[in-house]
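This report concerns only the one structure given below.
The letters A, B, C, D and E name the chains in turn, as written, and every chain counts its residues from 1.
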Amino acid sequence: MIPIDDTPLCRDGKVLILAYDHGLEHGPVDFEGVPESADPRRIFEAATHPAVTSVAVQKGLAEAYYPSYEESVSLLAKLNGTSNLWMGEPDSSVNCSVEYAAELGASSVGFTIYGGSNNEIEMAEEFRDAQEAAREHDLPVVMWSYPRGQGLKNDTKPSTISYAARLALELGADVAKVKHPGSHSAMEDAVRMAGKTKVVMSGGSKRSDRAFLRSVKETIDAGGNGLAVGRNVWQRENPERILDALEAVIFEEATVDEALAAVE
Amino acid sequence: MIPIDDTPLCRDGKVLILAYDHGLEHGPVDFEGVPESADPRRIFEAATHPAVTSVAVQKGLAEAYYPSYEESVSLLAKLNGTSNLWMGEPDSSVNCSVEYAAELGASSVGFTIYGGSNNEIEMAEEFRDAQEAAREHDLPVVMWSYPRGQGLKNDTKPSTISYAARLALELGADVAKVKHPGSHSAMEDAVRMAGKTKVVMSGGSKRSDRAFLRSVKETIDAGGNGLAVGRNVWQRENPERILDALEAVIFEEATVDEALAAVE
Amino acid sequence: MIPIDDTPLCRDGKVLILAYDHGLEHGPVDFEGVPESADPRRIFEAATHPAVTSVAVQKGLAEAYYPSYEESVSLLAKLNGTSNLWMGEPDSSVNCSVEYAAELGASSVGFTIYGGSNNEIEMAEEFRDAQEAAREHDLPVVMWSYPRGQGLKNDTKPSTISYAARLALELGADVAKVKHPGSHSAMEDAVRMAGKTKVVMSGGSKRSDRAFLRSVKETIDAGGNGLAVGRNVWQRENPERILDALEAVIFEEATVDEALAAVE
Amino acid sequence: MIPIDDTPLCRDGKVLILAYDHGLEHGPVDFEGVPESADPRRIFEAATHPAVTSVAVQKGLAEAYYPSYEESVSLLAKLNGTSNLWMGEPDSSVNCSVEYAAELGASSVGFTIYGGSNNEIEMAEEFRDAQEAAREHDLPVVMWSYPRGQGLKNDTKPSTISYAARLALELGADVAKVKHPGSHSAMEDAVRMAGKTKVVMSGGSKRSDRAFLRSVKETIDAGGNGLAVGRNVWQRENPERILDALEAVIFEEATVDEALAAVE
Amino acid sequence: MIPIDDTPLCRDGKVLILAYDHGLEHGPVDFEGVPESADPRRIFEAATHPAVTSVAVQKGLAEAYYPSYEESVSLLAKLNGTSNLWMGEPDSSVNCSVEYAAELGASSVGFTIYGGSNNEIEMAEEFRDAQEAAREHDLPVVMWSYPRGQGLKNDTKPSTISYAARLALELGADVAKVKHPGSHSAMEDAVRMAGKTKVVMSGGSKRSDRAFLRSVKETIDAGGNGLAVGRNVWQRENPERILDALEAVIFEEATVDEALAAVE
């Protein structure tokens, strides 16, 4: 962890990452409900919303689309990822070097660790290389900290999420992206375990406005620093509307009701 | 994806790759019908046809034969490949470095990824190295995107081909070579998933002139950018004739009937 | 082994490492009894006690918290470690390079070897790289020498601990951290096997003041050079009190009774 | 494939490699019939025969014996090889770097590929490194192309040998060393598949003068470029005599009868 | 093999290595009979005997103890080795780089190869790196050539020892350390297979003075160049006495009786 409040990844110490690595991780199936969401331009456009502190994409999308948005969007280059065609133990190939991410204009990098996978050791060593290279380029590091694999039955158990948050701190991530553990106190515990490392909630699959905003609010109230969200934004017909609401909750201390009222 | 329209791989934004890596991938059996097709000179000669934007071969053929064709043919160096003597999970050895491909005069490179193979992770990391090295040499990258391996029963299912096309975009390929998914709308979907990455149809095993040209036309009509073809050219007695027809369909907006009539 | 008496890791030839890699190795469960022990600042504060010759943490904690304690605490960067989510044969990922540890201000490094694990060969080769890099930076090397894995049923058997101590000497560690083998003579044997390499006892899980201090005293009396302790310090309500007692036993030749009396 | 006719490996476009890696590959058992054949000097002496274009040995023999023969013998450094104590899938360790081979005075290098082995992928990638390094040193590359391993029952089937010859061309070898496929037409097919890559027959186990010479003659008549022979030379009491006959057959267009008559 | 007669490893072309890597390879159990043998100083002292041409130790012992003996002892740095806690196929971790061995003052290096192990390929490639690095530092290379592993039932069979000796020659070792194959003629055969590579007998477990010296004498008479011995020296109460006898047998052409008589 290094101080990152002055980097583009943060706004007033908070973080809102618009994640869009689903084309790799889940495949076209994620775009079925809102077909235009398959077009990266739609998401880069959404990322120009002032609530969004960075857009998280794989190398290929950054190469192809980021040049048109360099002025208006901040880029988080996701360094590893894997298709869901993969049938092995949870693992993630390193698809982009930190050096190349920096060339592409990234102002931060992201890296997945599957704690508890039979590939945990190898992934942690790849993370070491990425993290130390990121330090050389003064790039904040966000860890997608997702315990998963042999022996981990329920990966949103509070103790698992707390451990996930701690792993991010211990291994040197600046931001831990973790799943919501299900309660205010469990999220509070995760935040406490992360120490100086910021904690952002993983948006997960699409829910109702209210249910989704409530979990975001709970994260903020528990001391969390924001959100990394994909489907709950771009699987909506009107991404801007939910981003307005998220801005209210994350950056303006609004309640869920206030945020929803403001976007009616 | 980077802009490649001004490179030798493209002509008017379209692509016609004459592929000839079959001696490695399939072995001499592919040359049985037209014995002279075993002689690389025949294929390099065919590649001088104005319809062909590049010839795709392994390092050894490039070393031995390309020096005689440097003026008249554009070289795509296929960087990986494997014999079909291989009995393991789908995999492909990296037979040529990008640096050496550049020395040989390649103006683009090709790389196979077997998404869903137990070797997908490793192949994707090898692709990263190749793709980033290609960027340093300003060489367009064509991905042979062929989901295959444990758990993938039908690798031409529309959803699989769409995923294959998306993988090419996400991982940073400039052109995705995919199998035809069987219908216009399925190919259209694959093209849409590939975003700015160009999509070329894989020629596959030999078919009748009409059946073959119809699938090419369908690819073009679906927004695809062309073809990578081997057997359907050089397993014909007269490669030039089918190349004439392909030129009409791909570059001159001819119908299949018009193209066939023109070559009678 | 190289002379290390003049380095910050030692005081009068003795060593007292305050270990705090439990957030990685064991997870938040270790902080449950004394919740504030989850906060690294509490441990860095404790490490300002004159008895502590170094604090041992993973890279992430060093990055985040050490900058505030550079003047008052000496840093031992633990180079490898693994979460207990890991279900495979005992192994430890190398989470920090020696170069980066040196940049962080470390004055020594730590490395775990699980002798007898199916990963022993690989770990020993990683140790080689770390040890030789540490020599280039003039950093003492502490080996966490913990035989563990297939075929090792009781890893505190005297012969196992003696072998563990010897491994540290043979492979080039300056300090061997081993478990207490259970008796004065067994510890004496381990110290003898370690030759010029210093031996420190591993603190282990929390015990009563008297039981804990007695094993430390036994280590010193057997010729050992000190202690690497975590839970027996920071799982106590008052870490300073036990550190006072440890200082008496390790550095001032006090008996257990004298040490306990002094801190009443 | 690059032009190699002007290198020491060739004489009038033909090749006769005296192979002597049997001490590694087969062990001392190969020397039992002619005990003095265990002494490398005997083979280096034989290699001074004008028919021999190069002697093929492992690094150790090159180091120990080649300094005495630098003026009179041309060295082919065999880069990989394995003892027959090895019980795993066919594989070959890379025992010598190209750089070191060049330092030893090698004027060409040799490399084994077991196509179809479960180690084919790794071997092909090692070949890539060796081949590209050889290009930097302007050293011709001879591939011992021996399909072998899981799923390959009869490795001298004509189609297998043709494939083996083609692999050498595709992967960038200048000379393919293959087993004789059993007939003139099968050898002709292998030669045709190898394109510009020269094909030399593998000598194999010891046979009668006539049977051996007949297969060599058949290779030459089929368009092959020569022979790599070990046991059929140095397991004979008089190596010089068979080399005289080979010279007649390979370089002087003699029939088998003429060659045999000349050495009576 | 390179000429090594003028290096400290040899005296009059003969070699007597005092081996002391048992603390790593076997563990403290080897020191039980003569407890003071656990102290490396005792062995370094013994190595000052004029009969000893080098002492063979792991990196750690060299670091800790060799500085006091640089003037009086010649150092052979054993580069690989493994504890007997290891339960896998025979293997040996590379514990020391050649570069570091040279820094430590080594005048030769040692490397174990387990021919026939499932790790043979990997070990041979590690040997290549070590051997070629040793050449850059002009350091003689001693191979501990010990066929062992899956499929090798009796690793002292004459044909196995002859193969082991040949492996050392083929792979580029200057000295082959092999087990005694049981008879004069078998040792003679091994020496013959090793060609210009020197052969030294492995001392093995402790035997009577006479039995031990007889096998050494047999090795010398068979053309062997000496001995690498550990336990048969330092498991004796008086190492100097047996070294006197060994000096007589190895360097002064004494019979066993003469050697024994001289030390009565």
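We adopt the following convention: a residue touches a chain if its C-beta (ideal position, glycine included) is under 8 Å from a C-beta of that chain, and two chains touch if they have at least 3 such contacts.
Please read all numbers here as calculations on a predicted model, not as lab measurements.
Think of each touching pair as a link: the shortest run of links from chain D to chain E has 1 of them.
Common neighbours of chain B and chain E under the contact definition above: D. Each chain gets one centre point, the mean of its Cα atoms, and the points for chain B and chain D are 36 Å apart.
Computed from the mean C-alpha positions, the centre of chain A lies at a distance of 58 Å from the centre of chain E.
Among all residues of chain A, none touch two or more other chains.
Taken as a graph of touching chains, this assembly is arranged as a ring, one closed cycle with exactly two partners per chain.
Around the ring, proceeding from chain A in the sense that reaches chain B first, the chains are ordered A, B, D, E, C.
Here chain A touches chain B in the complex through residues 21, 23-24, 27-29, 31, 38-40, 58-61, 63-65, 81-83, 85-88, 91-97, 100, going by the rule given at the top. Interface residues of chain A, counted against chain C in their complex, comprise 1-2, 115-116, 118, 120-122, 124-125, 127-128, 131-132, 135, 147, 149-152, 159, 162-163, 166-173, 189, 192-193, 195-197.
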